[in-house]
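Presented sequentially are two complexes of chain A, the first with chain B as partner and the second with chain C.
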Partner chain A sequence: METIVENEEKNLLEVEHLRVSFHTYAGEVQAVRDISYTVKPGECLAIVGESGSGKTVSSKAVMGLIEKPQGEIKEGSRITFDGQDVLKFTEKQWEKFRGNDVAMIFQDPMTSLNPTTKVGKQIVEAILLHNKMSHEDAAKRAVELLRMVEIPNPEERFGQYPYEFSGGMRQRVVIAIALACNPRLMIADEPTTALDVTIQAQILRLLRKIQKENNTAIIMITHDLGVVAGMADKIIVMYSGKIMEQGSVRDIFYHPKHPYTRALLKAAPSLKGNGKEELQVIPGTPPDLINPPAGCGFSTRCSLCLKVCKQYPPQSHDFGEGHSCTCWLYHPRTVQVLGEEKINNMLEEQ
Partner chain B sequence: MGKYILKKIIYFFITMFIIITATFFMMNCMPGDATQADTKVLPAAVVENLKARWGLDKPVFERYLIYLGNLLQGQFGESYKTPGMTANQVIAERFPASLQLGLQAVAVGLIIGLILGILAALHRGRVIDFVCIFIAIIGVSVPSFVFAALLQRFAGGGFFPIIGWPSKGADIADEFRYTFLPTMSAAIGGIATYSRYMRSSVLDVMGSDYVLLAKAKGCSRRQIIWRHVMRNALMPIISIVAPQIAGVVTGSFVIERIFSIPGLGRYYVDSVNGRDYPMIMATTIFFAMIFIVCMIGMDILYAVVDPRVRHSIIEGKEENV
Partner chain C sequence: MDANALIHVEHLKKYFDLHKRGTLMAVDDVSFDIRRGETFGLVGESGCGKTTCGRTVIGLYRKTDGKVVYDGRDIDSMTEEDRFHFKKKAQMIFQDPYASLNPRMTVEDIIAEGMDNFHMCQSTKERQERVYDLLHQVGLNKEHAARFPHEFSGGQRQRIGIARALAVEPEFIVCDEPISALDVSIQAQVVNLLVHLQREKGLTYLFIAHDLSMVKHISDRVGVMYMGHIVEQAPSNELYTNPLHPYTIALMSAIPVTDPDVERSKKVVPLEGEVSSPINCRPGCRFASRCKYATDRCRQETPVLKEIAEDHFVACFQKE
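Let's turn to the complex of A and B:
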């Protein structure tokens, strides 16, 4: 890794050349194909992409939740958390690591709590797994956590079962479980997808509050750019198991480089206008990751696709300040052949 | 809660009344009666006599009313085929053996079946899994009487008697010796069924989000299995075990025959063949009662295991109970 001098702070998480495959009857699905990114303490990284783009798989790999033998993290992948090479962990080390250093919040709060165990007990369990303390102290801390995630009457709620909670309240409980051991990194896998919009806003506000108060780094996985806008420091756009573009929120929203990112932003329905405009879509479907395309993964759906895009994988081009984009349009050769003006025109007309 | 129980009791009586009525009239639709059930042809005068004695000369509907009246006094009536014994006495004498065999078979079936199912699920795709599948296929496809015969041939004769049943007050060793083979024969089907159900149930729960969350919390595999999987995986099993208990407890005709067990199963079949009306009614009512009691037991067990069900019962909202 080249060292970036702009920020002296050490990276909390470094993912380098991560490749994850799943072995199915149909063949080897290459869900994540060589991605690298970093997260600093207290930072919020958003991973955006459509279903099957590998965003969940890449974060599960960080938690050691890729089930063997179907799932396989390929040779050459490296994940470093606070200097430790986590992929070399033994099962015991993983158990100490999960929930303690890194916690995870899942998509569907309706199914992510054990239906036959009291909510309080599920939080206490998480506390006691990593802390030596009495059951009473753990219970007190659990009530404290419930209060922290803004659940009214935490003492009473402590002894209730998940079915007595609404979806938004359950997600708060899941967040409380994630916070149980003050993790330094929280991975939120589409935490608001299953919730309605008002609850979604509340949960996001809560996550932001936690991030500020505890200086917890967050990896936010979502397919909703709107969720990301007010929350993230950095955004990674994933497609077909690869990173298409990454950069700051400003870069991605105001200066998107990659045709896919641009198409995504256009596809977001706008609240402005009279509501009669046709919704923009990206035609086609993502490629089959059992036989991933030789060239760029997006080439089959890209309206600006060049001949080279289908044959050779594009390389990453740095635009400075952490903004980079993996697209042939920005390759020096392409610029030389087509001319900068023509490329800009193409992007304009996209 | 009280309302719930009251409702269950009322349902119980309504169900019983329907069963009694339906059985009574269907039974009377069967051609022939007890006087013709034997190979021997009885003289007309004897037939006349017997019919008068049993009340078969009266119209069906009147007999039905009389029967209901007797039932209210707890009388099932005298058996035609075993004169001198009331149906109540037959059941009292014969039921304990069937009950014991049934309970032992269910217990053994559950213990072995659940263990096999859990092992198979935890070692999916490995040797143990295939062994369990093999046992299950054998268990469901080979009839219990074939098993009984094989056990008699290869395991019986020495320590385990080929036939017979412990008499009242037998010691533990004798109980075990006599009941082992019939219990195993009767349990094999259950082992197969429970192990398959348990396997898929465990796999189902293992794949659930809350198990993934437990893992993400830092639970070890053992903690996940005991704290999060077992209780949830057992729930679907309850609903298949209850009716099976009723079925097995009421006597396995074949197993009882093969091992000469003085159980009730034989009477069920014999009474129908012999048009032994009081016995048909008595055994049917008795079995129905046991069945319903098992179902109620299942509901209660559900409430114990699943807080959602408990809640709806206590609150009196029982749309889903």
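Let's turn to the complex of A and C:
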């Protein structure tokens, strides 16, 4: 019953066949190569991947932050937000869209605030950009926002400069600015990577609270699987500009299908482990996206690589309920040739 | 003092004079032993003094007070010859593989610089061969020797940093956050390399990091630092299964676990507020302002490390 209700709910964001390239002196870097995903209102989607896997670029495209002419969103890509085709926006429409409908939280709270402007003024600026109200009302709203992100003594803090704030407090201010216009979607790009674990726990708790109270959808970009485990409803695992596997948080952590996802989960040391046993490693380094491999992007590092993996890109296989995996091992032909048992054994031994 | 200790640190203090703003007490009365062939982990949040502690032990900072004994010899009263020996035997791997390699030197020169200083090679050919051998040991190959650092990825650069530390045949290596700038899949490669080298050469590590799960993985014993003090010290399994200090407990509960069911049902001990300033500290437990068990005694008297169980030390009045 529950799933039916969920299906009826309209998607807030739909990304279809997104491809983004950057033109450099060395050649065309294909940062994102054909990815599709959806986000529903109030949902938290996590995009996981290593640096250079295209996770940040794919969300910058949603914000219209791919700079031309070096960056290019390829033809055939479609991004729809609440029924509007975002990629057809004029510059004016973009300005209205950014901040109002979608807001972004960046990784480094030290560089995303203006060091020469008081914190309060920076929040007021964001409010006045999108709302018609008096300066006083905006200031009141700014203090309210500071209180909402749990900054102690908001009235006093309003008149201080960013250097007077610690890293965790600055990230709270950045979140307050993002919340200024009640966006329906928040994109958080590694929001806690620069913070300590105890501060990270505070910020994650705050994001969860905002998600629940305002029904804000969150796209969380991170490489930390622990953070994902606590936050996400859905997970996308990206590698070499493609989606390797996507599914619910339980699918990914308890029934991972793709060899990359499985290796990634094993590479993280667990607190339960007992001393210095070898960590499972993924040998090698990610491929160069100027000349992406003809076949699967992960084939160069995959311990289960088949002949076909190097030659042809794999297709996505659906396991039901939104869980899908892009790997040759699950292709009907592979299953026919190798037999299901052998494939399971291979995955076990991986 | 432990009879088997390679490094013995006693009441180590490192203060920085901030002129009119007072004194920053980065490391304040820290004592520990590192046994031969073991890995001692130092964890804590940014600003707790763990890096300063490592740098002071190895002599990159001049200590304010206290004693560092290396292999039975106090480094203050060492003879010129012993000091030369110490500099060779104690090496360091730095945090940022992008900043710690000279961009204008080739990999060969970077690795061989230490060997040149200690006159370890008789001929250019020998020097080159040793560099090739070291590159091979850290999983690179000899074609890399003529290249410059910018041609390498983060993980490869960290391997170069490790090769440079190994070049002078050290016994003791301070690893200052060697993996925090790397991707998860690359972190595992570097950690495995460090463990492998330790087994092969009998190295002793001081491993400094904020990633608690990685510290747990690599360390035999762990010290938890908070604002210049070691608040708890124990064998790593004991520390993670049975943390005693309120700060350690909060720290452990804040580590995200890669298991959604555990992560969502676990009880996080909320730690309110942030680390206060380590400038001009007064006596008293440094954690008292954030600790819910704090009493008047905690605010007036500084607790010292006491052995609660075998090899398990805690600095907290509540646990006495």
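The rule is simple: the second predicted complex is superposed on the first by the 343 of 350 C-alpha atoms of A that agree within 3 Å, B and C clash if a C-alpha of one lies under 4 Å from a C-alpha of the other, contacts with A are read in each partner's own complex, and residues count from 1 in each chain.
Everything below uses one rule, namely that a contact is a pair of C-beta atoms (placed from the backbone, for glycine too) under 8 Å apart; a residue touches a chain by one contact, two chains touch by 3 or more.
These numbers come from a predicted model, not from an experiment.
Once the two complexes are overlaid through chain A, chain B and chain C fit side by side, free of any clash as defined at the top of the document. In the overlay built on the shared chain, the residue A:M169 is in contact with chain C alone; chain B does not reach it. Between chain B and chain C, the partner in contact with more residues of chain A is C. By the document's definition of touching, of the two partners only chain B reaches A:E125; chain C does not. Centred on chain A, the angle reaching out to chain B and chain C in the chain A superposition, using CA centres, is 70 degrees in steps of 10. When both complexes are overlaid on chain A, the residue A:K212 reaches neither chain B nor chain C.
Contacts of A:K342 after superposition on the shared chain: neither chain B nor chain C is touched. Of the two partner chains placed around the shared chain by superposition, neither chain B nor chain C is touched by A:H135. With both structures placed on the common chain, the touch criterion links A:V197 to chain C but leaves chain B unconnected.
In the superposition on chain A, A:H255 contacts neither chain B nor chain C.
Measuring only between alpha carbons, the smallest separation of chain B from chain C in this overlay is 6 Å.
No residue of chain A contacts both chain B in one complex and chain C in the other. Put simply, chain A touches chain C in their complex at residues 50-51, 166-169, 196-202, 205, 223-227, 229-230, 249-250, 253-254, 263-265, 267-271, 273-276, 278-283, 285.
Of all the residues in chain B, the ones that touch chain A in their complex are 208-210, 212-221, 223, 227-228, 231-232, 305-308, 311.
Note for the complex: chain A touches chain B at residues 63, 65, 91, 95-100, 103-104, 106-108, 111-117, 125-126, 129-130, 161, 163-164, 174, 177, 180. Put simply, chain C touches chain A in their complex at residues 45-46, 153, 155-156, 183-189, 191-192, 195, 210, 212-214, 216-218, 236-237, 240, 250-251, 253-260, 262-264, 268, 270-271, 274.
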